[in-house]
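Per-chain residue numbering starts at 1, and chain names A, B and C are given in the order in which the chains are listed.
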Amino acid sequence: MSTLELTINGKGYAFTQGETILDVACRNDIVIPTLCHLKNTTPTGACRMCVVEVKGARSLVASCTVPASAGMEVQTESPSVVKSRKMNLELLLSSGSHDCLLCPASGDCRLQDLAFKYNATGKRFERTKPKYSPDVSNPFLIRDFSKCILCGRCVQACKDVQVNNAIDYGYRGSDAKIIAKCDLPLGDSDCVFCGECLQVCPVGALTLKKARQKPRICETEAVRTTCAYCGVGCQMNLHVKDNVVQMVTGADAVPNHGSLCVKGRFGMQFINSPERLTTPLIRKDGELVPAEWDEALGLVAEKLGTYKAENGADSIGVLASARCTNEENYLFQKFARAVIGTNNVDHCARY
Amino acid sequence: MGAALKRAITQHGTKLIVSDPRNIDVVRFADVWLRSQPGTDVIWINTLAHIILRDGLHNQEYIDERTENFTAYSQSLAKFTPEYAEKKCGIPVAELEKAAHLYAKGRSAILYCMGITQHVSGTDNVKALANLAMLCGNIGIQGGGLNPLRGQNNVQGACDMGALPTTYPAYGKVIDESVRARFEAAWDVKLSESNGMTSRQMFDAVDAGTLNALYLIGENPVVSHADSAHAVHCLEKIPFLVVQDIFLTETAKLADVVLPAACFAEKNGTFTNTERRVQRVRKAVTAPQGARDDAQIVCDIAAKMGTELIQDNGENAAAVFDEMVSVTPSYGGLTYSRIDETGIQWPCPDTESKGTPILHAEKFVCGKGKFHEVDFVAPAEEADEEYPLILTTGRVLYQYHTGTMTRKSTGLYAKAPAAYLEISRNDAAAYNVNDGDRVKVSSRRGAIEVSVQLSEKAVDGTVFIPFHFAEAAANVLTNSAACPESGIAEVKVCAVTIEPVGD
Amino acid sequence: MTHITPTKLEAMRKEYAARLTQPHIRHLFICGGTGCHATGSLKVKDALHEEIAKHGLEEKVRVVETGCNGFCALGPLMVVHPDNVFYQKMTVDDVAEIVSEHLVHEKPVERLMYKDPQSKKRVPLFSDIPFFALQKPWTLRNKGIINPESIEDYIGREGYMGLSKVLLEMEPSQIIDEMKASGIRGRGGAGFPTGMKWSFAAQNDSDIKYVLCNADEGDPGAFMDRSILEADPHAVLEGMTIAARAINATEGYIYCRSEYPLAIKRVQIAIDQARSLGLLGENIMGTGFSFDISIYQGAGAFVCGEETALMRSIEGKRGMPIPRPPFPAAQGLWKKPTILNNVETLANVGQIMLNGGKWYSSVGTENSKGTKVFALSGDVNNIGLVEVPMGTSLRSIVYDIGGGIPKKRKLKAVQLGGPSGGCIPEDHMDVVVDYEEIAKVGAIMGSGGVIVMDDKTCMVDMARFFLEFIQEESCGKCTPCREGTRRQLEILERICEGHGKPEDITLIEELSEMITASALCGLGQTASNPVLSVLRHFRNEFEAHIFDKKCPAKRCPALVEFKVIDERCKKCGKCAAVCPVGAVEWQKKEVAKINTEACVQCMSCYSACPFDAID
């Protein structure tokens, strides 16, 4: 069987049946800008930013939806393509308030990047006033409709990725808006605050609550780790600045492919909680009082030593923790078995 | 996990059978909802098997090749007729028939959580499910299997690492001499020859005066244990209690020594998830001044007791990992660099292995899959005149376990600030309580006060309280009667009564 | 259940023919379309029954309420059969006269007959009225003749005989061959060859396939589909069933807007009747073929006429287009192979099967075969539903059938194809009805809305109207349509308000180019057509608005200064009487004068002047 091939910007590329033009381009590191395209979901073709020119086609085609076909000749940055993208950006930028100076997403915004790339200012048209005021009805995120470009990624994320079906398009024409159940505030809707929408929003329409009290995401350093809540083991990025976990995003890897639940995404405040224990405590006269590490560890070692000596190793128990790492659990059981000398080691699997 | 399930249903046509005493959210995605009376799981599971066998939907080839004890098992199913199940579990015959046929048609996976295990018949429930899966050849294939969903991030890893009284890392039995000899050689120490005590047995031993010291790490039994009054009693009674945690939990408050630990974001290491995938944990921030790594703490204690637990005092997680995998054959092929980007599912015995996503694929690890005859054992406590309602406990989305971590999040707190009693409209009317009313919920073991939440999720006769909230801990009410094999307490079923509380 | 047989169908047909030709029996075909209902045809019908009873004529006169007759402007109307007499604008008060004069004394009532607008003469015979005489009613063959709520009437007119032939004598592939041979193209507007569409869906294997009928008719001024459903619902059912047979579908939906209650009612009756005769449902005509149809009521969103949006709507989702491919023929409703045809297309299928594709293709032009139904409206004398052979000139439609422009005004342009179409100016009126020919002059065939505009129409304002419509009906999903048309509308609004800027024409053109090239669905891609066609044919009007701040047609109030042309003024004072702000100064026997300071440009005087003396 002959291999299927198309050309992009004059160069030939092989493809497999079913791949879109965008798929082939991405695979070969050819950048086609997108706003609405969301991996692992059915393309919606909403933003029309990924249009390309295909020789012989009646109009520009959206590369995210059009399948590659043999012999197709694609131009990704032809003058008509660039013109269309630029006009598209002008339209988006003039609708609502895309003010990068005040936007939490600045530095992590596709619209900003594309405006820069295509030299679009949003000044060809009069700026329209936002129709809808922001939704701040919930403790997790803000929906700023004046920044929303209606790309629908949040809807895809909610519908196709998380299958929560909490949000969808509402109204028509220039009144269009992403709404939750009968246009209720998110806090009163069916939303379960997984935050998938927040993560996929390419602009600053969905941002964290109190974003202004935090650094912008582009100022943070991402550390990939495994979530410490349930047994799914979601891969996540802890975004750190000033030794504080400022925000959390899902990492695009197995098993969660970028998704998180409300706890993983919004439940990491405990790390920097002022209630964290910062000093050992020893019970003296019935009260727990602060103590030096040396004293506390010494006391533990001494007591355990004494009970072992007097009542045997089996008079001591160790309850390890399903919350700790494998390495630590290995050490805990080794401690029980090799240091104390007992098999009295268990953990909280049963609760 | 939930999202993947829902995607399978909505985007790939997967059918869903839900068995839950409550009309939980996922029921709306289900083709069949088996609403069983709490504690009667063995009956409906065996009934599905009964129907499958009766209608010839079982996989005889698989049974012949891969399993044993089928005849005895099939005979034991005789009494589990759909009519019997309808009477005992309250599930209509038609639903059972539909579920059985759905399950037996093609590949089918079983996912279960604590609703199956936290019963006096917990082990039986799991065995019954395993029987069902084997009956249809659903074990050892992609899209099949019997999949427990781990509630806590590293339950799997803690078990794998031998934080169990009967097994060493990788499940070698402590009473097996050859295994023990291997560990004695590796650790250069003489090891105990007898099985240790389970957590529950330890608490009982405290009560009996035979356990003198408990070193408790990152756990909050005051809130999480069934019949928490009993747990508190034991913890108060124990001569020496060390609690190592990141917060001063309800349990830590009872300790003789509290050791402040670092949390997951402050250390390096690995967690093993519910699908046996070993994944990296990386240090993102430094622990608050004064708190220390758990590894470092336990090494320090050992050092003070005169033993070097591991090289470098456990400061280098990678070094601990290396020693750990050297004695854990199923982890043998793992290195930090191999799992840097994507975790690997054990068994992964050597560096050639890419891991094993599906267990029992060619044959069962133990050879043949054994069918266990399982009979119905009633819950330890059933509704009666004095305590006419059945209480079942569980979780809410916005909180985690005993709330130690999640209740520090303002957002999560706002969404789920307190415990509540989920009750059906009919039951609420019968007890003359309304949505939002404060009620006292009592069982034979204690009483708590919560608000009433009228809910479509609740079914008449069964109420629900989430167990996250220490100030109204559902486990004050629950029964510590446990499954004799696993030692898991029956927190999913106990008898309670409610009464309104005047202002 | 005993299945209906071809013999039985033939017997029913003969019975009907006999009924119609029974000696000494008259049939009164009174129009029961939505238009005539609105003007009171039901009351007239009741009065007729009463009056007939009074004269004891029940045995000799049958009153038949038909679907839309087509000449909607003249309703309530009625045809007396076999006399071939046409009555128009009847009222309840006319009924006694009709019965006593015409039915009893055999003297037709002349004053209720059609009056030719040019000659001002009454036309006694129905078939002599040019509006009807020049039409070729194929799709509308049963309009005004049968009772749409009677399957017997339909069968009497060869109904379900095409289906019978298909089921008993033809292979599915032959059906498609016949459709291809007929040359019929989609009457919804785009003109895709129907036979080809069916063949794609037929090729795709699937356990379930669907046949959908698009009755969402959303173009302003269009009422072809509604009229067909009201007048001849069985024709659509028969067409759908044949389509189902061709592609092996088992289920069908008629997607009809809920604003068409009469159509919905009649289609439902038709479905029930067809089921009861075994012409729909399980094992149709005992052939083992099963197919059933349900009505799905849409909420009237324009975009739901777009095929993918329509399917989403039936699925219970928000009606929004999705990208193609996959095409509906492969993955349509519920991701199953689906064909969607327009009402008009489907209504032709039965006859094509009965008479053969060759018969159908004998009429029309090289690439556009058969006939086309138009809804004629606007500034034209004969407003109504017309059906002409492909190849008929627009001029003929407007002047011969339409009776020309009222008040002897001049024709300015004709808007064809609604919001997706374009305007065709007077000097292109000889263009013939043909998909390609119409496209050449910058419009599209569209679904059949023909809006005639006289010289009082401002073309810029007309373009603004369509853009306003498009903007309101845009689903809001893709940027070009949602934001682009909004900006175009904004620009046109400012031009009409006198704030047009020199660069506006370029900006509109640039936007049009971008929207056309990159919008997601057909509606967006064609949304700029009206404004582009105005720019093409009436650019000078744009320029007058922008540069001279003048509206040549005097429709844009902000750009008009009204004054009285002294020499034309007949001093009647009608202008002063209608002015709401007292801006017209007039004394008896004096020429009126308009105080431009006070004038609010409401145009009342302009419209009221019988002598065109206000400009």
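The rule we apply is simple: contacts are C-beta pairs under 8 Å (C-beta built on N, C-alpha and C of every residue); 3 or more make two chains touch, one makes a residue touch a chain.
Just so it is clear, the model here is predicted, and its values are computed rather than measured.
K.L.:
Sort the chain contact graph into one of these: line, ring, star, complete or other.
P.N.:
line
K.L.:
For the interfaces A-C and A-B, which has the higher count of C-beta pairs in contact?
P.N.:
Ranking A-C and A-B by C-beta contacts puts A-B first.
K.L.:
List the centre-to-centre spacing of chain B and chain C in whole Å, with centres computed as mean CA coordinates.
P.N.:
Those two chain centres are 67 Å apart.
K.L.:
Just the number, please: Cα centre separation of chain A and chain C in whole Å.
P.N.:
Those two chain centres are 51 Å apart.
K.L.:
What whole-Å value do you get for the distance between chain A and chain B if each is reduced to the mean of its CA atoms?
P.N.:
Whole-Å distance between the two chain centres: 28.
K.L.:
What parts of chain A, by residue number, touch at least two of the other chains?
P.N.:
As it turns out, chain A has no residue touching two or more other chains.
K.L.:
Under the definition above, what is the set of chain A residues touching chain C in their complex?
P.N.:
So the residues of chain A touching chain C come out as 42-49, 51, 59-60, 62, 64-67, 80, 83-84, 87-88, 91-92, 94-95, 124-126, 149-150, 152, 168-169, 171-176.
K.L.:
In the complex formed with chain A, which residues of chain C make contact?
P.N.:
301, 303, 318, 320, 322-325, 471-480, 482-487, 490, 507, 510-511, 513-514, 516-520, 525
K.L.:
Sort out for me which residues of chain A touch chain B in the complex.
P.N.:
138-140, 160-164, 192-194, 209, 223-233, 235, 238, 240, 243-245, 253-255, 259, 261-263, 266-273, 275-283, 288, 293, 296-305, 307, 311, 313-339, 341-351
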